[in-house]
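Starting off with a structure, shown below.
By written order: A, B, C and D. Residues from 1 in each chain.
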Amino acid sequence: MSDGALLRVEGLQGWYGESHVLHGIDFEVARGEVVTLLGRNGAGKTSTLLGIMGMLPRREGSVVFDGTETIAMNSRRIARHGIAICPEERGIFASLNVEENLMLPPRIAGGGLDLDRIYELFPNLKERRRSQGTKLSGGEQQMLAIARILRTGAKFLLLDEPTEGLAPVIVKHIGGTIAKLKTEGFTIVLVEQNFRFAASVADRHYIVQEGQVVDMIANADIDANTEKLHGYLGV
Amino acid sequence: MFELLGIPPQVLMGQLLLGLINGSFYAVLSLGLAVIFGLLNVINFAHGALYMAGAFVAWMLLNYLGVGYWPALILAPLAVGIFGIVLERTMLSRLYHLDHLYGLLLTFGLALIIQGLFRNYYGISGLPYRIPSALAGGHNLGFMFLPNYRAWVIVASIIVCFGTWFMIEKTRLGAYLRAATENSALVNAFGVNVPLLLVLTYGFGTALAGFAGVLAAPIYSVNPNMGADLIIIVFAVVVIGGMGSIMGAIVTGYMLGIIEGLTRVFYPEGSSVVIFVIMAIVLLIKPEGLFGRAA
Amino acid sequence: MSSEKTDPPAAGAAPILPPSTGMPTLHKAIFLVLLLFLAGLPFMVYPVFAMKVMCFALFAAAFNLLLGFGGLLSFGHAAYFGGASYIAAHAAKEWGFTPELSVLCGTAAAAVLGLIIGALSIRRQGIYFAMVTLAFAQMVYFFALQAPFTGGEDGIQSVPRGDLFGLIPLENNIALYFFVLAVTFGGILFLYRIVHSPFGQVLKAIRENEPRAISLGYNVNRYKLLVFVLSATFAGLAGATKSQVFQLASLTDAHWMMSGEVVLMTLLGGMGTIFGPPVGAALIVTMQNYLATFGAWVTVIQGVIFVIGVLLFREGIVGVISRWLKRPL
Amino acid sequence: MIRKLALGTALGALAAGAAFAAGIDVKLGVLNDRSGVYADLSGEGSVVAARMAVEDFKAKDKGLNVEIISADHQNKPDIGSGIARKWYDAEGVNAILDVPTSSVALAVADITADANGVLLDSGAGSTALTREQCRPTTIHWTYDTAALANGTGKALTEAGGKKWFFLTADYAFGHSLEENTAKVVEANGGEVVGTVDVPFPAQDFSSFLLQAQGSGADVIGLANAGGDTVNAIKQASEFGITQAGQKLAALLFFITDVHALGVQTAQGLSLTSAFYWDQNDQTREWSKRFMDKHGAEPTMVQAGVYSATMAYLAAVEALGSADDGKAVVAKMKEMDIDDPLFGKVKVRGDGRAVHDMYLYEVKTPGDSTGEWDLYKQISSISGDDAFLPMLDECDFTKK
């Protein structure tokens, strides 16, 4: 697996100003995989995504994406290499309408979905294309946040808690979407609190504690490790 | 025929129109200030000095190169905008991660330098700049004589304000700007060149100041101090409209021009302070400004 | 626009002293050396110049109480400085008050003005607070321009220096100098006490985390108002004293450029430090004094210093020294 | 202190020694606006004029060691009085020259009286310098608001401009200029139909001009100065006010202002001045030398600095010392002065230098043959008609 890794993170450290949040994250993701980062609040999951994306004010270590070391790059260049993020709390822009939000991230590679295809996948968005982005329901906003990075042509997606605060039926829909993306060849790193949801979509799970990866559990082994997982997550 | 507080309606009409003309300058200047503040979070205290520089560049184009008013209307803002870009790249961009205050102080220092240099080389009494011949003369509107040039000022400012509004609210580039105003880190992480947006925005904002300067050159004395006191008035306009609100800056600019104009009729001595009285009232009642989103 | 961004900056690198009853030895030593130096100063330099420096030092220190320790950027402090200078000049000239009473009168006026403006302004934050204070200061300026007793453009001129306590004539520059020294040095010491009192600690807590201070049960607005009034009062004391030194109250003192100048002095010296603002004031006043012969170049030179200061020495002179020494100054 | 004293004594001894060998030490301070609105009409040009006076007086040959220093008072009374005080107290200045801006001049006049120096004011306009605040050490050389009113105000009223409307800069100088002119207008059978107080400084005068236009006045009196006047005239022309028959009276107007406006806009304006470079051979010769050094024609203020300095040096030479300011001024009041630029000048007991004033009109573009060929003389006004009569309590020659 390690030779085919699309992303390899080694010894990633990160800081917000004075506070040291990542203390050496190590993990890797193979092409076509869906991987989750699990952990308690404040363990450093979101910071890890931001670290990969180059959005932390300061980071050290190694983040190799598709054979390229990106640790010295800024987030704009990293994005141009084919990584797209769907941030925590979705990052929908209030001053843009739905379509403007959709069109915002520039295309960085061929093969992105075009607008018609996106509206086909998410018909709600088409109906409300002229509405202000933040006037949508939470579920619609989440769809919008995922949809807009599908347009860019990036094949590697970072999704930060896409199910947070959403109704079960919508969570299910999102699960379906992720599964579909996987079949279309997308590679996805998912930060999740919702362990059940994670188990339904992911191939492997990394456990993050206090800014470090402390364990990895393959989805196939998950039933055997329920106790351990509960211990990590404090369920 | 009725009279309002002893002022005949014709006179009032005339004064309203004059207020609108002054408001045109406020609108263009405060628009530039608001655009810059919106995206860069910088209170551009050099705005008045750049307005002055715009007028001077127009004068220099005419006197050194023989370039007339119409080309200067494009070239002078361009020159001022490029100067702004240099300032942004070399200095301002180092301050974005800091508090507003530092941007304000830096640009205040820059304003002193720019004004001081022009004062040293061109003296203080001002330089003549003629109204372009196509706009000389005027029309009698019945209630007042409206010089053609003043009419042009209104038209030009409305075109520029509307154009800027359209660009920001209705175009792709404008969507980048609005999004970057809300969350520039995320926009950058989508692969949009935010630093480039910032520098272009500053360049554009300063070019607007330069444009206002060229507009002003034929009617006001072109002198190094012409922007010095204007800056705090224009800044007050931006605050009243709502910091960073494009529409707020434009509408408030015209509106305050008119209010100031009326004050000049009823209480001329007070016309220099009326804007601040309004600013105090607005901030105490509606702190985010008339058109601002609540923070 | 997020709320952190609109808050005035925290006090740079210089940490605040822990609350203590006594003054640390270093500060005691500095104050003592300073006092000795100032006592000898009028025999070395031109006394009126030295007095001007001291008045601005107190002004900057008063402003710093609000900005550096209260975290509130006022852009209208000229109102108290200039307002007090007018009242003090008027009291001395028209009512024949003795110098100390005139100064007291001006200071009291500044306190009242500070109370009114402060009560209206402190509910606003960041840049909005700065703009409200600017707006009120513009109104004070307008009043100074229009009111019959202020003499408009001429200001109040030929203010008699009078006899201190009705006894000691201040006509002599040296006598006046020691009066000014007592007032300004005393003022700065008093400000120092305020900063290092329990009140100063609460201010620090508010500046660093206002919501937490509220949750701890502090009436934040009352503290803010109090620090605002104190700052205005001492700014007034400085302005009133200046009017006695120059025998003049003029529009310059109330103009918005004066509000800008005091921000500059404070930042140049080191915001949130004890000794920084007076150092900044001394530097700016000296610069204006010695550069006066350069004519129009003064503004250029001043601008360059601004720019360099903002780009390279944001902590201010004393802030940088304090970091080197790893001791708060 | 001891060191300083010792140094001072040593220097004093040195200076005294030098004085015996080479004559009298005189230190002149040119205090004016070098960066603000009056920088062009006074500023460096006044320093140039003072230096020319020292040269032309042949001070060195007559045993006078004259040193000239200068500073910027920024039009602020506190800055100006600070500098003046320092000059007298710490730098041994004997006389202060120029001092435009009335508020600063009045402050400096007081300090000068206290220090027993001499104030040779050329730049300021306030009549208070020789009236309400007259001092035995003040000489007011070039012009004052009354003279301007008596020149422009009287001429225009007599020429049929009976109804006046004033645009007054809303500060002391503007009000005093308005008041003086209004008196002259009324004394000559005119009336004031309205005034508007314009905040100072202002850029846009259109609103006020419109009020003036609506008032039906024959003459719009501009009781302001510098950039304000320039802007007001520029805009009056734009709004067709002068074309419609109303006359503008720029009550205080300098050649640098006319130059800034250009004859196209300024043509036909009446103005009062004590000096114009193209008046006679002597003024032309002097102005040419001035032009070579300074790059612009001299204003009446700069010419006044020259001529006041000449008279001052003559008085110092006659007295043999510059130390007692009061005595030097008294001496100047005794002298009969025949000045190359101002002609016959008499310094009155109150310190008012009385000389002829002139009424000019700005030439039309057709008449103007060069960049600085700007004025046409209409009449001359004798000094006694131009300036206010002396107040008894201000006649220091009687005391």
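Quick note on the criterion: a residue touches a chain if its C-beta (ideal position, glycine included) is under 8 Å from a C-beta of that chain, and two chains touch if they have at least 3 such contacts.
Quick caveat: nothing in here was measured; it's all calculated off a predicted structure.
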**Report entry** Shortest contact path, subunit A to subunit D, counted in steps
**Finding:** 2
Report task. Please find which chain has its CA centre nearest to the centre of all protein CA atoms in view. Result -> B
Query raised in the report: Roughly how far is subunit C from subunit D, going centre to centre by Cα mean, in whole Å?
Result: 37
Report summary line: Whole-Å distance, C-alpha centre of subunit B to that of subunit C, is 33
Requested in this report: Just give me the whole-number Å value for how far the CA centre of subunit A lies from that of subunit C.
Outcome: 53
Query - Multi-chain contact residues (two or more partners), subunit D - result: 35, 39, 170
Report task. Name the residues of subunit B that each touch 2 or more other chains. Result -> 116, 119, 269, 272
Report summary line: Touching pairs here come out as A-B, B-C, B-D, C-D
Report summary line: Listed in rising order, subunit D residues that touch subunit C in their complex are 1, 4, 34-35, 39, 43-44, 69-72, 76-79, 81-83, 85-86, 89-90, 102-103, 106-107, 110, 170-173, 175, 200
Requested in this report: Sort out for me which residues of subunit C touch subunit B in the complex.
Outcome: 1-3, 5-9, 73, 120, 124, 126-128, 131-132, 134-136, 138-139, 141-142, 146, 256, 260, 263-264, 267, 296-300, 302-307, 309-311, 314
Query raised in the report: What does subunit C use to touch subunit D in their complex?
Result: 43-44, 46, 48-49, 52, 145, 151-155, 157-158, 173, 246-248, 250, 252-253, 288-289, 292-293, 295-296, 298-299
Report task. Report the residues of subunit A in contact with subunit B in the complex, numbered from low to high. Result -> 53-55, 74-76, 78-80, 84-85, 87, 91, 93-96, 100, 103-106, 108, 149, 152
Query raised in the report: Can you name the residues of subunit B that touch subunit C in the complex?
Result: 41, 43, 91, 94-95, 98-102, 105-106, 108-117, 119-120, 232, 235-236, 239, 243-244, 269-270, 272-273, 276-277, 279-280, 283-284, 287, 295
